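Chain lettering (A, B, C and D) follows the sequence in which the chains are written, and residue indices restart at 1 in each chain.
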Amino acid sequence: MAQSKGTVVLAYSGGLDTSCILVWLKEQGYDVIAYLANIGQKEDFEAARKKALALGAKKVYIEDISREFVEEFIWPAVQANALYEDRYLLGTALARPCIARRQVEIAQREGAQHIAHGATGKGNDQVRFELTCYALCPKIKVVAPWRLPEFYQRFPGRRELMDYAKKHGIPVPVTPQTPWSMDENLMHISYEAGILENPKNQAPPGLYTKTRDPATSPDTPDVLEIEFERGVPVKVTNIGDGATRSSALELFVYLNDIAGKHGVGRIDIVENRFVGMKSRGIYETPAGTILYHAHLDIEAFTMDREVRKIKQGLALKFSELVYNGFWHSPECEFLRHCIGRSQEPVVGTVHLSVFKGQVYILGRESPRSLYNEELVSMNVQGDYEPADATGFININSLRLKEYHRLQSKVTVKQDE
Amino acid sequence: MAQSKGTVVLAYSGGLDTSCILVWLKEQGYDVIAYLANIGQKEDFEAARKKALALGAKKVYIEDISREFVEEFIWPAVQANALYEDRYLLGTALARPCIARRQVEIAQREGAQHIAHGATGKGNDQVRFELTCYALCPKIKVVAPWRLPEFYQRFPGRRELMDYAKKHGIPVPVTPQTPWSMDENLMHISYEAGILENPKNQAPPGLYTKTRDPATSPDTPDVLEIEFERGVPVKVTNIGDGATRSSALELFVYLNDIAGKHGVGRIDIVENRFVGMKSRGIYETPAGTILYHAHLDIEAFTMDREVRKIKQGLALKFSELVYNGFWHSPECEFLRHCIGRSQEPVVGTVHLSVFKGQVYILGRESPRSLYNEELVSMNVQGDYEPADATGFININSLRLKEYHRLQSKVTVKQDE
Amino acid sequence: MAQSKGTVVLAYSGGLDTSCILVWLKEQGYDVIAYLANIGQKEDFEAARKKALALGAKKVYIEDISREFVEEFIWPAVQANALYEDRYLLGTALARPCIARRQVEIAQREGAQHIAHGATGKGNDQVRFELTCYALCPKIKVVAPWRLPEFYQRFPGRRELMDYAKKHGIPVPVTPQTPWSMDENLMHISYEAGILENPKNQAPPGLYTKTRDPATSPDTPDVLEIEFERGVPVKVTNIGDGATRSSALELFVYLNDIAGKHGVGRIDIVENRFVGMKSRGIYETPAGTILYHAHLDIEAFTMDREVRKIKQGLALKFSELVYNGFWHSPECEFLRHCIGRSQEPVVGTVHLSVFKGQVYILGRESPRSLYNEELVSMNVQGDYEPADATGFININSLRLKEYHRLQSKVTVKQDE
Amino acid sequence: MAQSKGTVVLAYSGGLDTSCILVWLKEQGYDVIAYLANIGQKEDFEAARKKALALGAKKVYIEDISREFVEEFIWPAVQANALYEDRYLLGTALARPCIARRQVEIAQREGAQHIAHGATGKGNDQVRFELTCYALCPKIKVVAPWRLPEFYQRFPGRRELMDYAKKHGIPVPVTPQTPWSMDENLMHISYEAGILENPKNQAPPGLYTKTRDPATSPDTPDVLEIEFERGVPVKVTNIGDGATRSSALELFVYLNDIAGKHGVGRIDIVENRFVGMKSRGIYETPAGTILYHAHLDIEAFTMDREVRKIKQGLALKFSELVYNGFWHSPECEFLRHCIGRSQEPVVGTVHLSVFKGQVYILGRESPRSLYNEELVSMNVQGDYEPADATGFININSLRLKEYHRLQSKVTVKQDE
């Protein structure tokens, strides 16, 4: 064993990869602190703790960061209607900076100079992890074994990892591996790699875990009322049974249940990674999908048209930054501030129904809406002078008429 | 009857409003040519022709413009993934410039100096109509009765129209009026006004006409393959029964059938009109919804990431322009050209399933995709050096580290 | 004389036009309150007061709003680097909402139901005036004589105004009118119309009034240091004679003097008006030009690259809104808030020289700059690993290589 | 000497650095082909050729690429009004892809597997060079000695290079080195590093080489007419002496002369490099500065307002891409196509004067302008109805009034 290289805080999942990494890091001379974030995934955390200790971790941190994940990461995304490339609700991208932030805090508390993770060298997660680390603690050193030739050449495939595990007393999984990889948190689960790498291959039956198949989901909808303040949900009421949820975490968990029950939130996409390649992912984002639709509706109802247009541009940029791992950056901070400001009037209640994979908006109300029923009414004139529209149209047409005039002139000339 | 004011081409629908307008225009001294566009709505065109002639129209044009609507208006919108305010697929907005363009052509052919329409003074359609007219024929004069005090003060409500109709031998509808107004074309149908003006009111059962209720729609999906060239669908194959459609119009009609059968394409939104007010609309856009999802998928699969980002910005602007009535404008022409250019590589086939109100993407393939299975594979290194990602991340973190360095300095100073 | 129509607050300039309007408004039955804003233009305000009273104004308000013009309108524009269509520093556009805001306040104080102005029906100023009025006081009624047929048909040209003036005892100007019109405030002066309407005509000698001809301006520069806090100038020091100015208004006046002396701030442009036509204007903006260059420099020096890019987009929109008259609008408020936030780190001192029509940046310093001399040095490695750049470039090239690969494939196929 | 590593094409400047690199590459076992691009810099090309051969280059290419630099790189930048961070005309950034493109061509012709350059590891040029190489020839291998530890650790400073030169018979410069570095091409020259690294340090007298000091430049202006077609200058006429230039290269050289003579085109800025650091540069861009102003003017005169706004956004992105080295990328190709399209109507002649460091636009004319003198005239009504502006303003104010209404309601509520 090499000479001590200091302490490293490893983002540990309890799985085969990071278990091998834990042992390998020790082999390289590091004192290893295992850190396992509880961010809402299904996991036997105590088993993972024992396993890490058994493998030689000096210390194990199991941190429940679900609440801060919802309040500090998911909520700003809801306010932004954050969507990467028109489809991806950013479930993994939002979790990474939340996980890494705590990891940095642990490193600082423990005086560790290093941070390690098991993310691959081709993916986005390595970037999201490390940009967070460097942004919050520029002096930290990152150990990314999957980018170190001495590691990835030693473990070119799963077989070599298994061999290594057996040799070092690392428990190997007893259930056969799914032919794809998964990553889960409270907001979403992703399926990619393996047989899904062929973008033509259909998702196999039985892949989905967070949502029921719409084909077998209930034949009656759940009807919900979601109340927003400052663009953030503050209360959910199920009209059917009167159930309500108000705290951020409980509300989000409840929406996950309802959406999951009705098969809401499945997508199959090809997206562009920050490192420059296209990849295919299948995602489930149950509660996130309901909230996306609900927030879009209450925002359109309450926000001025032109403010909305500017905010939409900011949110596009925000989504890209989050995807690329720049949550902790001056520009993303700036955008969160601006978007947050835009949400002040986003107050009100959205009525919706969840059914067979879909979210249907049924109606909305707000004490602060710019909607003016009398003004828009086709039966009442309200404070509106129809003749004004004539001037409005005429002035708007001025430029078009001038363009036509010129085009005609040019065309005539060319014809001569 | 007043002295002749010349000829007017009236956009005639056969309904009560435009029938009254037809008679009123004659009363004002116009020779009226009735123009009824067949743009895919359900209508008894021959009955309408007879009615117009009976009411005194000098001539009646019934023009089937469905094909050009699909090819010249809907297809560019599909290429753009056009969406107004994140939700509205622009069904009505796309139809208006198509209808008005033909109307201008008729006016020019007939030497008419005037054009008239029955659009209200608070809506978007008046703008879309008239901007098209002025852009294509700056000298044309528009008569918009619902903005003329002598008209709208005479007809403050439906009752006065009915009285006028009875007095002038205008057939009045025998079926009771729905408590909302509708506007239909091949792409979509809108429901608004009346009881829907209260944004909290839920759409009543029985409102929808283009799509079946997902609650009673078939329990087995239709699985389709849609083939694209230059971002435009060129063939649809139903995997279930092998049915195929290739011509633009037939293909679109077929997708309307399939989507309608499965309840796809319903939305209930509040949107911002160009004239500055918020309004509530319920829309059905069956085929358009399938094509939106399919095109998004094939585009993401084939288009470079950064080209896509630029194109997305252009399409946002395009959607706004179309909504506001600027289809025939120098800027919209420019955008269509640019977006069209971006579609050259958008070639391939999308596999999807249509079921219970939803469109599910199942997979995709293309001879021109930038997707590189080997490059992205988690099991094969491909032409990729993981160590490069280290440099990539480090350089990207430089700016963040500098920002942190400065923030710390500033914070320390403030603490002193 | 007609029956009383209530009280109107007229934006009065003391010139022929608004004097005639004052009398005409009385003739129409209004009680007229004359309001003359001192916004830094050269004017004999007391003479104007006497004239207004002599013409029958019920009351005259002469309001010095220079200070609030600088602090509340010019400063946000400096923070934004506001520039309309890449060239116009918005001197007139910024003044209008400041003038109209006070006018609304006076109307409210006086219980006046009406506001009147002498802006023409083709220009931007009518829009800027009235949008401000309506935004701040929706119930106000605007009287814009130059858009009322009964007024503009009565006064088709200057001759008719002169006749009216003579008939009603309105003093007529003794000096011959310049063959162009001017509008002046503390920030700028515009020359347009008349002989300048031909865009090919060169500005005649003697036109400029705020700046000396660079051909005869001093042969030695003035060298200044301008200190910024939160993106706003807080102190100017003239290195030559040690003169300093610190209060907003004095500092701005001083920069006007220096810039004017050296012929800085002249432009001759064709711009696009909000009402849809192109117009030609010649402008002088002395202090504004210095501050534009100085702020651009200190901002680039202190602000993060990506924040700057986002802010630049916001500022483009801001400039357009200000030009179009939307200073008092929800979106412009939102933008000012966001831009203001971006200015927190914009602190430091810019050194510059003003000479022969130009502003030359000489250097800059800041306690909060993100500039890191060691990091950027070509002689010192600093905290930078050159090898990282290899990975950075390689990953950035990935996408380009894939594109090339595909293009080659496509080209080969086409060649076959 | 090591075993042969194949052939490398070295971008050779004739200076100390690349001469040492040439010898060092041979030492490493490469066959070296020296490539010197004549892109308008002042250089003794024949001396450089002899020097390279004397140092052991297998072959020397001296390529005059000035004409293609102007026509294929500068002209698109003129069309775009390309400006990085509001100030930098991109003189160096435009030259790099032009130089590297030819270098790749030579490598392909010669069957060389490698390309080498002398750019530093902290700068932008390495990125611009290599992205071009990889985009045009993905298989090429780049050798960047300043990023190789074995090179940069051997040559930590100039002294070590000098020692190496003496030892290997490399002629060392006889004139003392300037305390800053320079990079020159036909479009511009940059000064950076050395004493300029302190951003407060003023540019020393005598630094500038392409422009005369405005303090000693002629006391009479040169007045020019520049004629544009499709947004590109096609003819320059000097009104003073009647001199004309029509071919792209001659025209550009002539404008460099005139601008240089009058001290036009100097800037001193801090900019943000792609690799994430801020750097300070002093630049001279004489002809480019004249063309920037002239093109801006003719474009504003001829292009529709809304097309211009869209094009402005595209050009912002284009400038950033060019700066970052992505000239040869799918997105930059796309942007050049779109911007090129926007230039079709940009036809006409700009009159301007060049004097004491400034470019003054005097007037403009065009057969295709959208400027309509009658429409804009203050004395003629033209085809314009002033009353329309009332409707236009009223409709535009609708949204503002609604916002005010709501704000009042909210405020009242909060006060209760």
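FYI, a contact is a pair of C-beta atoms (placed from the backbone, for glycine too) under 8 Å apart; a residue touches a chain by one contact, two chains touch by 3 or more.
Values in this document were obtained by computation on a predicted structure and should not be read as measured data.
At the far end from chain B, in terms of centres built from Cα atoms, lies D. More C-beta pairs in contact connect the chains of C-D than those of the other pair, out of A-C and C-D. Interface repeat of A-B: among C-D, B-C or A-D, the matching pair is C-D, sharing over half of the residue-numbered contact pairs. With centres set at the average Cα position, the gap from chain B to chain C is 40 Å. Separating the CA-averaged centres of chain A and chain C is a span of 43 Å.
Inter-chain spacing, taken between the CA centroids of chain C and chain D, is 30 Å.
Those residues of chain A in touch with two or more other chains are numbered 275-277, 304-306, 309, 313, 326, 329-330, 369-370, 372, 375, 384, 387, 389-390, 392, 395-399, 401-403, 405.
Of all the residues in chain A, the ones that touch chain C in their complex are 275-277, 304, 306-307, 309-311, 313-314, 317, 326, 329-331, 334-335, 337-338, 341-342, 395-399, 402. Against chain A, the residues of chain B that register as touching in their complex are 81, 85-87, 120-122, 126-127, 130-131, 134-138, 144, 146-149, 152, 157, 181, 193-194, 197-203, 214-215, 219, 221, 266-273, 275-280, 296-297, 300-301, 305, 308-309, 312-313, 316, 320, 326, 328-330, 351, 355-358, 360-365, 369-373, 375-379, 384, 386-387, 389-390, 392-394, 396-397, 399-401, 403-405.
Interface of chain D with chain A (complex): residues 304-306, 345, 368-370, 372, 375, 383-385, 387-392, 394-396, 398-399, 401-403, 405-406, 410.
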